[in-house]
Each structure stands twice: as structure tokens, then as C-alpha cells.
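In the two assemblies presented below, chain A is common to both, partnered first by chain B and then by chain C.
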Partner chain A sequence: MKATAWIAINVFRESVRDKVLYNLVFFAILLIGASYLIGQLTAGQDVKIIKDLGLAATSIFGVFIAVFIGIGLVSKEVERRSVYSLLAKPIHRYQLLIGKYCGLVLTLIVNVSIMAAALYVVLAYMSWGVPPAAARIWDAPALDPALLKATALLLAELTIVTAIALLFSTFSTPMLSAAMTFGLYIVGHFTNDLRNFADLVDSPAAARLARGLSWALPNLAQFDVRADVVHGLPVSFGYMGLASLYAAVYVAMLLAISVLIFSRRDFK
Partner chain B sequence: MRARSASAIVAAAVFAVMMVGASIELQAVRDRFYPPRELDEDTLYIQSGPMMRRLTVAYNALAADLYWIRAIQYYGDGKRRLASQARVPDPPPMIAAPTSDAYSMLYPMLDLTTSLDPRFNIAYRFGAVFLAEPYPSGPGRPDLAVKLLEKGLRERPDKWEYMEDIGFVHYWYDHDYRAAAEWFRKAGEMPGAPWWLRSLAATTLAQGGDRQSSRTMWEAIRQSSENDWLRLDAERRLLQLQALDQIDQLQAEIDKYARRAGAPATNWSTLVRARVFPGMPVDPTGTPYALDGGRVTVDPSSRLWPLPQEPRRADSRPPS
Partner chain C sequence: MPALATFELTKDYAIGFWRKRPYRALDGLTLEIAPGEVFGFLGPNGAGKTTTLKLLMQLVFPTSGRAEIFGRPLGDLSVKRRIGYLPEHPYFYDYLTAEELLTYFAGLFGYAGAERRARAARLLDEVGIGAERRMQLRKFSKGMLQRVGIAQAILNEPELVIFDEPMSGLDPLGRRDVRSLILRLRDRGCTVFFSSHVLSDAEALCDRVAILARGRLAAMGRLTDMLPFRARGWDLVVAGVRDETVAALGTRVRRAVRLSDGHYMLDLPPDSPPERLVGELTAGGAHLVSLNPIRQTLEEFFVEHVTTPAAAGAPRDVEPPHGRRP
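Showing the complex of A and B:
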């Protein structure tokens, strides 16, 4: 447990050394620039658009970090041959893998939290001095705490994306891993369409395959409640709990497969 | 050694700045000799909402915002361009720009916006106003305005504001007072709807087309509007109604003068000299009225131009 925690902290430190957190600067510039420009372009929808933009940017930056760092978590160690010295230490392979995973998730948590805080600051600035009559047009208050629900579910989604990237990283090249992770990320948003597709095809075998894939592939669309939150629609804690539980189960399954592959891998 | 490296950095920085300046100047020279082709802003490569929803994966709302901004720009640019065309003399017919496809992309853009984000309230409400506005202020398509609002109602059947807006489109642009009254009645029956919608329904049915009932409707919209743009638009409409009243009075005086003088007045100075008016009359925004062939109208440079087409009275009958 202690070894896993140390590995996680080291992954976090490494990502800070690799200037991963620089994306926060881009995020801040994007939001501040947009908040200045959007007010003049959107006919009173600036708060909605800043929320959409902030949450979408958080998601895009998060997915890019999860994929591009996740795919290098194991393959980089193998490439640099540092995996030999690591495995020579009294740690199990599963500890190394889980430590790496937790380290990247920690990086993502820090990243997403700072982005959420920055979004609230920009929204506070934009809603400052807005008369209550004008604020009534907004579907939800500017500083709506429900934005945190969207952020929390985004983090749950990113834990799955990270686990997918890590899984591919245990047996594939970084390029291929990135392509496959992005592919699964996109497919993960269409699992409901895949389920509907099963009703459209004539072939029972194709229908069974489509239905099977729709259940087996990660269902990432359920974590996207951004539009609901921006429009002030309720997102219940029950829904969040079930989605988070799904994420935990799916991550556990992916990590188990990753550990299985990694523990049988021959580094000679 | 350190001084040398510092001077090298300064030299590199100066060189970089010079190169940036040179690249800007080169672009300007190239554009002078080889003017860039104008971008075709009126192109929408994908017009299917469901297809666009799939292409934008998890970022539908952000894509909707982009299409909304594009729709506003498209409408604003078209309106500005056509307004400036109206202030210059008409070109010969063979080189006159075709006007039938002006704003042709507006509805597809709004349709995409609302397909990507089906709860984009303002896109339905403002979009309907943009679509219904008569040419050249808009495409003059109240049918598409109603279609857009009905799409919004399918998403949110309890949204009385959309029903009110449909009623308003029927009233103001279609002059179909029976349909307008029916929509105002439906809107008034929804929970949370303001009380005046029911009386507006009754007034519309009884006196639709009357300038006073138009004034009542715009005043209600102005007072209930939660959005600056809608409130300012309602205020402009009220000023237009005020201008119509003033034009009626001015026209009566001018007609009286024409009967007396035996010829229509061709300019204001003649009327001022004849003491018909103490000075050049101005519209409620302070812009002088135009006098064209003895008919008074607002000047194209006025914020109130073009004046709305006066609705027919609901109780008027065609001549037998």
C-alpha cells in the first residue's frame, strides 16, 4: 500500500516536472479571452456559453492528459529500460501499475479542480453587478453549485479513460494505444446508438453482437450531464452514485486485465 | 562572456521582431497585388441536426453555442448589408444582387443550433424574431419562425413563452388574429403564465389589427421581457407605432395643403414657408421624416426604418 502510494506521488511529481499543469494557463487564457469576446457576440447568453466552454475545455484537456500521459505510463518505463530497476525493488508488478494509475488520477483531480475553481472565478466576474431582472433569463444561477456535479462526473469518466489508456500501454506502442483509447472514447459516447442499432438489423447474430458490445464497451455518455447542469435541470445524487459506481466497477475490471497482462509480460 | 550572451539574446529578439514585422508587411503587399478571394460565409456543409450531434460527440452544447454565434453574425451581417444597399440608388436590374437567397442559411443554422442543444431557449425566441422579420430586416418567413418555436414546444411543452411568441408571429407578421388569439389563450392557460395573456387573447380576437391593441401587446412584451434585446426591440416597435400616429397627422395636413395649393408638396421647406409646419418634423428618434411624392414616411437612415406593414383590422370586410 505504501509502495503504491509512493509510486502515485512520483507519477504526480513527474507530470508536474513534465509541465503538464501548463495546460491550466491555456485554460485560464481561453476562459478570460472568451469571457471578454463572448459578451459582445451572444445576445445575453454569455454565462451559458462560458459554462459550456469551461466544462467542455475541462473535458477536452482532461481527456488529452488522460490519453497522452496514460499511454506512456508503462511503455515509457519499458522504452527507457527503467522498468528493470523498478521491478528489481521489493514491489509487486500490480503495485507498480496501480500506483501509476493512481498518480495520473491524482494529476487529473488536481487539474480538474483548479479548472473548476477558475471557471467559478470567471463566472463570478461575469455575473458581478448583473441586475436580478437580467439574471432571471439564465436557466441556472451563474455560480450554480450543480456545476460541481458535472465536474465530478467528468472526473469519473476520466478515471475510465485513464484505465483504458493504461491497459493499452501494458501491451501496445504509444501511437497505437493513443489511437485505440481515442477510438474507445468516441465509441463510448455511442453505446446507446449501438443498442438501437441492434433493433434495426435483420441478422440475429449481428443484433446480438451489437447488443453485446453496447453492454461491454464503456458507456461514457452517462457521465455527460453538462448540458443538463447548464440548463438548470436536476441531476440526482442517486444518478451520480450509480454512474460513479459503474465507473469504479469498470475501472476495477480494466485494472485487473492490465495487471494480468503486465504480470505475464516478459521484459527480456 | 555573460555580456556577449546577453547581446546575442537581444540581437535574436530584435531579429525575431523584425521578421514578424516583415511577414506582416509581406502579407499586406500580397493582398494589395493579389486580393484574397472572399470567403463564402453562406455555406453549411452539414445541415442535418442528428448527423451533427454525432459528429460533435460529447461537445454538442459547445457546438450549439458556436452555431448560435454564427447565426447571429449571419443575420446581423445580412441586415447591415441590405440596409446599406437600401441607402444607395438601385443598381440597373442586370447587375442588381439577387435578394431571394438573402438569409437563406438562417433557418438551417438555427435548426442546427436547436438540434445540438434542444433547450437553447434564446435560440428559439430570438431566432423566431429574426426569421419573421420582413425583408430587408429579415427573410420574412413567419412560417419558419412558427416551425422553430413548435420544435421548441416539442422539447418543452410547458413553455408558455414559445406559445406567446407563436401568437405574436401570427398577429404581427401573418395578421392571422384568430390563430394569434388561440395561441395567446393556450399560453395563458399554462402554469406560471402572466394574467394579461388571457385578456390579450380576448382583445386580439375582438380588435386584432387595431393600432391600439398592437400597442397594448408591445407594451406587455416590453414590461414582461427578461432580456434586454427583447425589451429594446419592443421599445423600438412602440416608437414605430408612435411614428405611424404622427405620420397620419402629418399626412392629413399635407393632403389639406395639396388640395389648397392644387399640387402636392415636394419638400418640407415649401410646407414650412407656407406655415403648415413650424419646422421640419422629426420622428420619435429625432430623425427628420422623409417626404416622397407628397407621402410622408420615415427616413431610411432612421432607426425606425422600415415601418411595419400596418395590419388589417380583424373586423374589416373586403369590399363587396
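Showing the complex of A and C:
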């Protein structure tokens, strides 16, 4: 456990020294800041636009961080042979993998928190000095705590994306891992459509296949509550709990498969 | 109980892109290394040395056979705590400094904060990394990385160290430092198992050696006892010796070559000890320039074992393995 935490801390240290990460966070904050300007162009909808664009930027750059750092977590270690010295230490292979995963999740938590804080700063600036009468037409208050719910669910989604990237990186090249992770990320937002498709097709085989895939592939759409939050619709803690449980089970499954592959792998 | 033992250790790799076929990198290696021994693992490139060391560190898994360290199976964490490993051409994290790397690795052994830092500092001193220890490893030369690699391998005061080509990438001073380090480790009671393709390294350091050729054990024992490396005679060079003294040596010398006035190179047979003849010549006013044993070099041995059809044996592409995987 101690070794796993130690590996996780080292991954975090590696990430915060990575220029790519700084660039991504910088652009995310830039985009969140720019949403203020775009908000100015829309009469009465400015807060909504800022929230929408800010959350979207946080989501997109969060996925970029998860994928681009996640795909290198193991493959870079193997490619550069640093894994040789590491595995000679008194650790199990699964500890290395879990430590790497936890380190990246820690990095994501910190970065998504920074982006969320940037969004709140922009919203605070926007709403500063706005008379209460004008603020009443907004669907939700500018500094709505519900934004944190959307951010928390985004983080839950990113834990799945990271686990997918890690899984591919245990046996594939970084390029292929990136392509496959992005592919699954996109498909993961349409698994409900796959389920609907199964109800529509006549062929029982195609229906079974579509239904099977809809259960096996990650259902990422459920983590996207941006529209509800922006429009002031409630997102219950029960819903959040269930979605988080789903993420935890799915991540555990992906990590188990990754461990199975990684613990049998030859490092030639 | 041996420090390290392998039993018919065999490794096949799958090669080829479409139609994979097994390639035998290591073929039935059986050896035993006693505690406190400095054991050299010699062989040309591609002989199977690195594969063996990777098998011992469980970086690859055997097709068949097994190995034990301190009587316990490989991969046992209690064993890993007692061993150190230097991979060939070590590479570490670019973004860490040498100090941070060693502190990180010390953390994996469970050492507390102050102990981690103290160990890192002591070992970097020992391998000769000075102020550079606070530089990121991306700025290190190959030789400096090798030194850091050695430091991380002995971080836990191991009872057994496994070094893959420890002299690789080092300049003559670095090689000398590594040799002294290996001898210091031996003096502390540490067992040293290292691979090399340089005979002089083995001669200077090893109690015993194993020579690997084409994945098979070609010879094992003390270098001086091994038939190919036993002295087949002596090259003696003396100066200030009279021509008639040399002529009087008769059959005690196989051949005498006059290099210059009073300067001779004498080819002595292996059966008589050269010290007596040297004593007689120096008593007669000559002085010794050099005395060297004549024996097969490791290079000649490799050539013989790698290129001759008999030594090459069966082709290394093998039937699909029937062995087990742990």
C-alpha cells in the first residue's frame, strides 16, 4: 500500500513537471476566460454561456490530460526501460499499475479543481455588481454550487477514461492507445443510442449484439449533467451516488484486466 | 544454500511478424552461485546473458525450468528486498534529479524520510556523483547514468547484486571505479553476479565464471582452471642478457627472439614454472621487462564456440515450447 502511494506521488510529480500539462491547463483557463467575452455577445444569457463553455473546456482538457498522460503511463516506462529498475524493487507489478493510475487521478483532481476555480473566478467577476433584479432572470445563481456536482461527475468520467488509457497502454503503442481511448470515449457517449438501436432492429442477432455492446462499453453520457446544471435543473445526490458507483465498478474491472495483462507480460 | 541457482532455465521468444515462430534465447541453463562469490557471466552479444538476468529479475518469464535466489522462488518480495539489479544501459526518469531518483527508490524499500535522504547522499558519494546530483537526469552522460544505475542497485545494501554489463559506457577511470566497487561489495560479503564480454574484467574480479554461447552454457569454473584459458606457455622479455646465456638455455626455451642488443623475447613451455628461469637470468645480470601467460583469449574462445558447426549445435529456432509458465 505504501509503495503504491509512493508510486502515485511520483506520477503526480512527473505530471506537474510535464510542460504538456501546463499547456493544456493554460489553454483551458484561457478558454474559460474567453467565455466571458463570448458571454458579452449574448443578451441576458451571459452567465449560462460562461457556465456552459467553462464546463465544456474543463471536460475537453480533462479528457486530453487523461488520455495523453494515461497512454504513456506504462508504455513509456517499458519503451525507455525504466521499468526494469523499478520492478527490481520490492513491489508487485499490480502495485506499479495501481500506483500509476492513482497518480494520474490525483493529477486530474488537482487540474480539474484549478479549472473549476478559474470558472468560479470568471463567474464572480461577471456577476459582481449585477443588481438583484437583473440576476433574478438567470436560471441559476452565477456562483451556483451545483457546478461542483457537474465537476465531480466529470471527474468520475475521467477516472474511467484514465483506466481505459491505462489498459491500452499495458499492451499497445502510445499512438494506438490514444486512438483507441478517444474512440471508446466517443462511443461511450452513445451507448444509450446503441440500446435504443437494439429495440429498433428486426434481426435478433443484431439486437443482441447491440444490447451486449451497450452493456459492455462504458456509458459516459450519464456523467454529463452540464445542461441540467446550467439550466438550474436539479441533480440529485442519489443520481450522483449511482453514477459514481458505476464508475467505481467499471474502473475496478478495467484495472483488473490491465493487471492481468501486465503481470504476464515479458519485457524483451 | 546457494545465493542463486538455476535449473534447466530455458527461454523461447516468438519472432516473426505474421507467422510467429519460437526462437530459443536460453537453453537449459543450470548453475549455482555460492554466497559471497563474485561470478562472471561471459559471452558475446546475443549469447543469452541479458535474457538470463531478466529471467532472474522476472522481467521475462521462463518457457521451462526454474530459478531460486536464497532458496526462494523468484518474485518473492522478501527476496527482492535482499537483491540489487543494474539493467544494461540503464535509463531513468528524465524529470528527476539523481538525488530524487534514489530517494524515490529508497521509498519503495520502505525507508523513512531521513534515512532515504541519507542513503541517497551516501551512495551518490560512493559512485562519484558530486554536485551533479541536483541536476535532472536528462542532462546526464551515459557514464554518469551508469553510476546512478549502480547506486540504485546497491541502495538497500543487498546481499546479492546482479549487474548487466556494469562497465558499459564507462571511461577507463569509471571502469576502475566499478571494479573497486565490486571488490568492496565482495569484501562486505555481498554476492556479485555480473555479465560482461570483456575477459579482463572477469580475470580481475571473478572467483568463477560461466561462459554462454548461443544460449547454451559453454564452460563454467575458475578461469585459471578452464582448459582454454590455462596458460599454454609464457612470454618472457628480458634485457641485458648475453647471447651465450640464451643459447645455453637449450630446451628450457621453445623459441628465443632477439629484439635488440641484449634484449630477448623468450617463449617458455607451460610445464616448468617461469619464476626459476627468471631468477637465474636476473642473477646473471639480466633484468625482467615483462612476463605474460600465453593463453586463448575470450575473443578466440567466442569465435570457436559461436562459429564452428559442432559448437553451434542445433539451430536456435525450436519446436513450439511445451514448457510451463509460472
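Throughout what follows, the second predicted complex is superposed on the first by the 253 of 268 C-alpha atoms of A that agree within 3 Å, B and C clash if a C-alpha of one lies under 4 Å from a C-alpha of the other, contacts with A are read in each partner's own complex, and residues count from 1 in each chain.
Convention: contacts are C-beta pairs under 8 Å (C-beta built on N, C-alpha and C of every residue); 3 or more make two chains touch, one makes a residue touch a chain.
Please read these numbers as outputs of a predicted model, since none were measured by experiment.
Annotation: superposed three-chain arrangement on chain A; chain B versus chain C shows no clash, the two fitting side by side.
Once the two complexes are overlaid on the shared chain, A:81 sits against chain C while remaining clear of chain B. Judged by the touch definition given at the top, the superposed model places A:136 against chain B, while chain C stays out of reach. Superposition on the shared chain A places chain B and chain C such that, viewed from the Cα centre of chain A, they span 150 degrees in steps of 10. Of the two partner chains placed by the overlay, only chain B lies in contact with A:41; chain C stays clear of it.
The minimum CA-CA separation between chain B and chain C in the overlaid arrangement is 21 Å, rounded to the whole angstrom. Applying the stated touch rule to the two superposed structures, the chain B and chain C interfaces on chain A have no residue in common.
Chain A meets chain C in the complex at residues 2-3, 6-7, 10, 13-14, 17-18, 80-92, 264, 266-268. Against chain A, in their complex, chain B makes its touches with residues 54, 57-62, 64-65, 68-69, 72-73, 117, 119, 121-122, 126, 226-229.
Listing the residues of chain A that touch chain B in their complex gives 38, 41-45, 48-49, 52-53, 56, 59-60, 133-134, 136-137, 139, 186, 189-190, 193, 220-221, 224, 226-227, 230-231, 233.
Residue ranges of chain C in contact with chain A, taken from their complex: 13, 54, 57-61, 77-78, 80-81, 83-87, 89-93, 95-96, 104-105, 107-110, 149, 152-153, 325.
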